[in-house]
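Quick heads-up: structures coming right below.
Two complexes come next, and they have one chain in common, chain A, joined by chain B in the first and chain C in the second.
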Partner chain A sequence: MKIYLKALSMHLKSELEYRVSFLLSFLSQIFIFFSYYFVILSLFTKFSHIRGFTLWEVLLCFSIIQFGFSFNEVFARGIDRFDRLIIKGDFDILLVRPKNILLQVLCSDSDFIKVSRVIQAVIVLILSLFHLKIEWNIFKIMTLLLMLLASCIIFFGIFLMAASYCFYTIQGLEVRNVFTDGGKYMAQYPIGIFQKGFVLFFTFIIPYAFVNYYPLLYLLGKKDSFLYGFSPLIVFLYLIPCISMFYVGIKRYTSVGS
Partner chain B sequence: MSFIEVKQISKSFRVAKKKSGLKEAFKSFIKREYQIVKAVEDVSFSIDEGEIVGYIGPNGAGKSTTIKILSGILTPDSGECQIAGMIPWKNRVKYVKNIGVVFGQKSQLWWDIPAEDTFDLLKDIYEIPDEKYQSTKNDLIKKLNLEDIINIPVRQLSLGQRMRCEIAAALLHHPKILFLDEPTIGLDAVSKQLVRDFIKKINRENHTTIILTTHDMSDITTLAKRIILIGNGKVLYDGSLKKLKNQYETKTTIMVKTKDKLNIRKKGVLEKIKTKDGYQLVIHLKELSISELLTILSRKIEIDDIEIENESIDDIIVKLYEDYQI
Partner chain C sequence: MKAYFTYFKLKFMSGLQYRSAAWAGIATQFFFGFVYVMVYIAFYESGEKQLPMNLHQVITYLWLNQAFFALVNQFHKDPELFQMVKDGTISYELVRPKNLYFMWYFKILGQRLSNVVMRFIPIIFVTSLLPYPYGMEGASNVYHFFLFLCSLMIGTLVVVALSVLYPIITLATMNEKGIVNVMLSIADILSGIVVPIPFFPLFLQKISKYLPFQYISDLPFRIYVGNVSFQFGIRGIFIQLFWFLILVFIGFSLMKRNIKRIVVQGG
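Coming up: the complex of A and B.
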């Protein structure tokens, strides 16, 4: 943990080396974010709700997914950019150091500009909570926190899976974007508004539904069972195959080479 | 059991066959043909603690693959290897504490910040105690002349300055073995000299075992008493540089400056050419040694000056490569 924090501060130091570029990028992130936001807003000027979800309910879902995604872009950028480590051959350098590989990959990169997105996600989250009339109790607060945590976890897992893919081929990385960016785009809306096939896919294959749909139903009082409220915990199970895939990838790397 | 013991290591890779042309590119996109390339085959050698070994061979001979196996990055298909009592590719974390690796073409320093920050991170990665870290760091700074460059962002350093920092970074944890993969590549003469002197120094003072790959033969002549030559994945020569020289250096050219007239008819003298102020002699070393020739010369003529041109080590290596057809 100490090593990771030190590496983070080194990345921050690196980025601050380029002062103007850092500030401009930070600002541009705000505009990008709002373009996403306006897509949703414009949808709701035509319809008052989508399959029973109102504007603020969708924005709540949107902000939770954005939070998790941006959080990983800041703190797990090394995994997101893992292809670079492989292509440049710098992965070899990590292998000759006496520390856990995953930790070292995490330390290898970070993108502090995306902090601005995390902040924006939190702002939208607070606004939507303010507008929604949720009857708060201790369980609902827990559910909300679990949703945020699960959102971070699921993108960590997806990044890791995409990284493992690099061990097999460094070409055709677009495939992974289907899962990261494509998945993220869909998951910004409550999964329930899509067709059944999608719901099943995002429940059992990539469990987005446990991040932003089942718990959301509980939070909004559409379902009363605690099971819905605690369903984000299932996402932790998803980490198991993701982490093992990564380690299988390392094994393959050491036996096959680059 | 030697410090480094490598026994019959083999490693092959599966490489996709690529032919030129767009049509072939489409074909290979649908169905790849693979080809097995033997990167190293039956490589064996043993190295004692404190030795400096030059590991040489043409491009693609298998040098990097061997280094990767020895440093635990790759697992060989077959063969045994024991270094400092451990098998490199098993128990990676424990093993790599004993080694330092410098890849001439890759950097372990962080690009945008001073090298000292990277050193601090390495301190934590290798769990070096504070006191030891400080004294090692100061020692390296002094020996590698880093005072003025350690606080400058790495991207602003020259190649030579960066390489000095790279080497320091690889030695912070006092490794028993140091792997140097082309450490002088692209450096100017002064930096090369500095790096070489330093490598010699740590070998002498810390008894560090050093394995070095290079294409620069003067690296080998100044540093390594022993060389291992590899070609097409096989060890072709393993022994002292001197022996290799004796074996391949058969002719030598001697320039003699004299005002006298020279008549020499001796077995072993292959050529005698009159120059502006003396003679140029080419002798066959197996038949006539330089000292014998000098005795003869001094009896016959007044020698003003003499110059012996040794065959350069590069020439020897070229001959060697030709001999082994690699």
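Coming up: the complex of A and C.
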């Protein structure tokens, strides 16, 4: 943990060396972020609800997903950009060091410009909680925190899985975008609005539904069972295959040389 | 002219080599297409009256968006051109006795066309076989179909003229992120790729009328589904031509100005 923090602060320092460029990119992120919300906002000027979910409920759902995704973009950038390590052959350097590999990959890169997205996600989250009349109790607060945590975990898992794939293909794959960007796009809506097959796939194969659908139902008071409230815990199980896939990948790894 | 055409052919042919990228692209397009279609179906279930397009029109529009995505999307950044600007390789280009603007224009045109040629047929074929309400439908009539083809072609010329602007701006800013990314995301929204223009809030519909972005893909697709009248389509095509000339003029003179100021640092 100490090493990781040290690496983070080094990346931050190096990014801040170019102060103007950092600031400009930080601002431009705000614009880009707005374009994500635009779809939802403009469609809700024409429609009043989507299968029973109102504007602020959808925004709540989306901000939780955005939070997890951008959180990983900042703090797990090394995994997101793993294909670079493999292509350039830099991964070999990590292998000879006497420290945990995954930790080293995490330390290898970070992107503090994306902090602006995390902040914006939090703002939207607070705004939508403010507009929604939720009857708060201790369990609901727990559910909300679990959702945020699960959102970070699931994208970490997906990034890791995509990274493990690089061991075989030696290149980043466009297909991974289906699961990261595509998944993010889809999960901005409560998953229940989609057709059955889709819902099943994103419940059991990639468990987005446990991040922002089943717990959301509990949070909004549409379902009363505690099972719904604590369902984000299932996402933690999802990490097991992801991490083991990564280590299987390392065993198969042959360097590209150079 | 022949030299420029060679650039076009070069990019077109080399683009055709990336077949696995094309398949990945098609898979991505299908996934996004399905998500969009399901979202709109769910929205239409709310039973609102007075919507600007009916459900089949929207779904056909969405699939057209996906099928021609490689041709009309805003986020087409040719890494080669940006790299050239940043590492100074552009000096090799400057010694060539041809106009740099048109060299770049034809390169981007070639890339976009080769990308779309490999992608649109499977998407259109499969989606027109899908059952109601998921599938895509035919054009509203023959006249609209021909108008759609014309308008899509001119729309392509417009979007390429826009895409050339970004590396040209980078010549002055030396950074392909900041301002260029802001422009790209504005263009992305206003082009109707995210949401069809008729679903915009009214004030934005008014603003985008006076900007080039909605004349790239929104106009041809709306002509295809019959959301606009034939006369409106004809008028739209003239506006497209107008924007094409304006954008080429802006790009051409901006390029001239930026090249005068260019400093290549040794190496």
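Note that the second predicted complex is superposed on the first by the 251 of 258 C-alpha atoms of A that agree within 3 Å, B and C clash if a C-alpha of one lies under 4 Å from a C-alpha of the other, contacts with A are read in each partner's own complex, and residues count from 1 in each chain.
Just so it is clear, a residue touches a chain if its C-beta (ideal position, glycine included) is under 8 Å from a C-beta of that chain, and two chains touch if they have at least 3 such contacts.
Source: prediction; values computed, not measured.
A.B. asks: In the superposed model on chain A, is it clash or fit for chain B and chain C?
C.D. replies: Fit.
A.B. asks: One more residue to check, A:32. First (chain B), second (chain C), both or neither?
C.D. replies: second
A.B. asks: Looking at the overlay, does A:3 come into contact with chain B only (first), chain C only (second), both, or neither?
C.D. replies: A:3 contacts chain B only, not chain C.
A.B. asks: How many degrees, to the nearest 10, separate the directions from chain A's C-alpha centre towards those of chain B and chain C?
C.D. replies: It is 90 degrees after superposition, to the nearest 10.
A.B. asks: Is A:135 in contact with chain B, with chain C, with both, or with neither (first, second, both, neither)?
C.D. replies: Touch partners of A:135: none, neither chain B nor chain C.
A.B. asks: With the two structures laid over each other on chain A, which partner does A:182 touch: chain B (first), chain C (second), both, or neither?
C.D. replies: After superposition on chain A, A:182 lies in contact with chain C alone.
A.B. asks: Can you report the least C-alpha distance between chain B and chain C in the superposed arrangement, rounded to whole Å?
C.D. replies: Between chain B and chain C, the shortest C-alpha distance works out to 7 Å.
A.B. asks: If you look only at chain C, which of its residues touch chain A in the complex?
C.D. replies: Those in contact with chain A are residues 21, 24-25, 27-28, 31-32, 34-35, 38-39, 42-46, 48, 51-52, 175, 177-179, 181-182, 185-186, 188-189, 194-195, 199-201, 204.
A.B. asks: Inside the complex, what are the residues of chain A that reach chain C?
C.D. replies: Checking each residue of chain A against chain C gives 21, 24-25, 27-28, 31-32, 34-35, 38-39, 42-43, 45-51, 173-175, 177-178, 182, 185-186, 189, 193-195, 198.
A.B. asks: For chain B, which residues count as touching chain A in their complex?
C.D. replies: The touching residues are 13-14, 65, 68, 71-75, 89, 92-94, 96-97, 99, 101, 103, 105-106, 108, 110-113, 117-118, 120-121, 124-126, 153.
A.B. asks: Which bits of chain A are touching chain B when the two form their complex?
C.D. replies: For this pair, the touching residues of chain A are 2-3, 6-7, 10, 13-15, 17-18, 88-90, 92-93, 95-100, 104, 107, 254-257.
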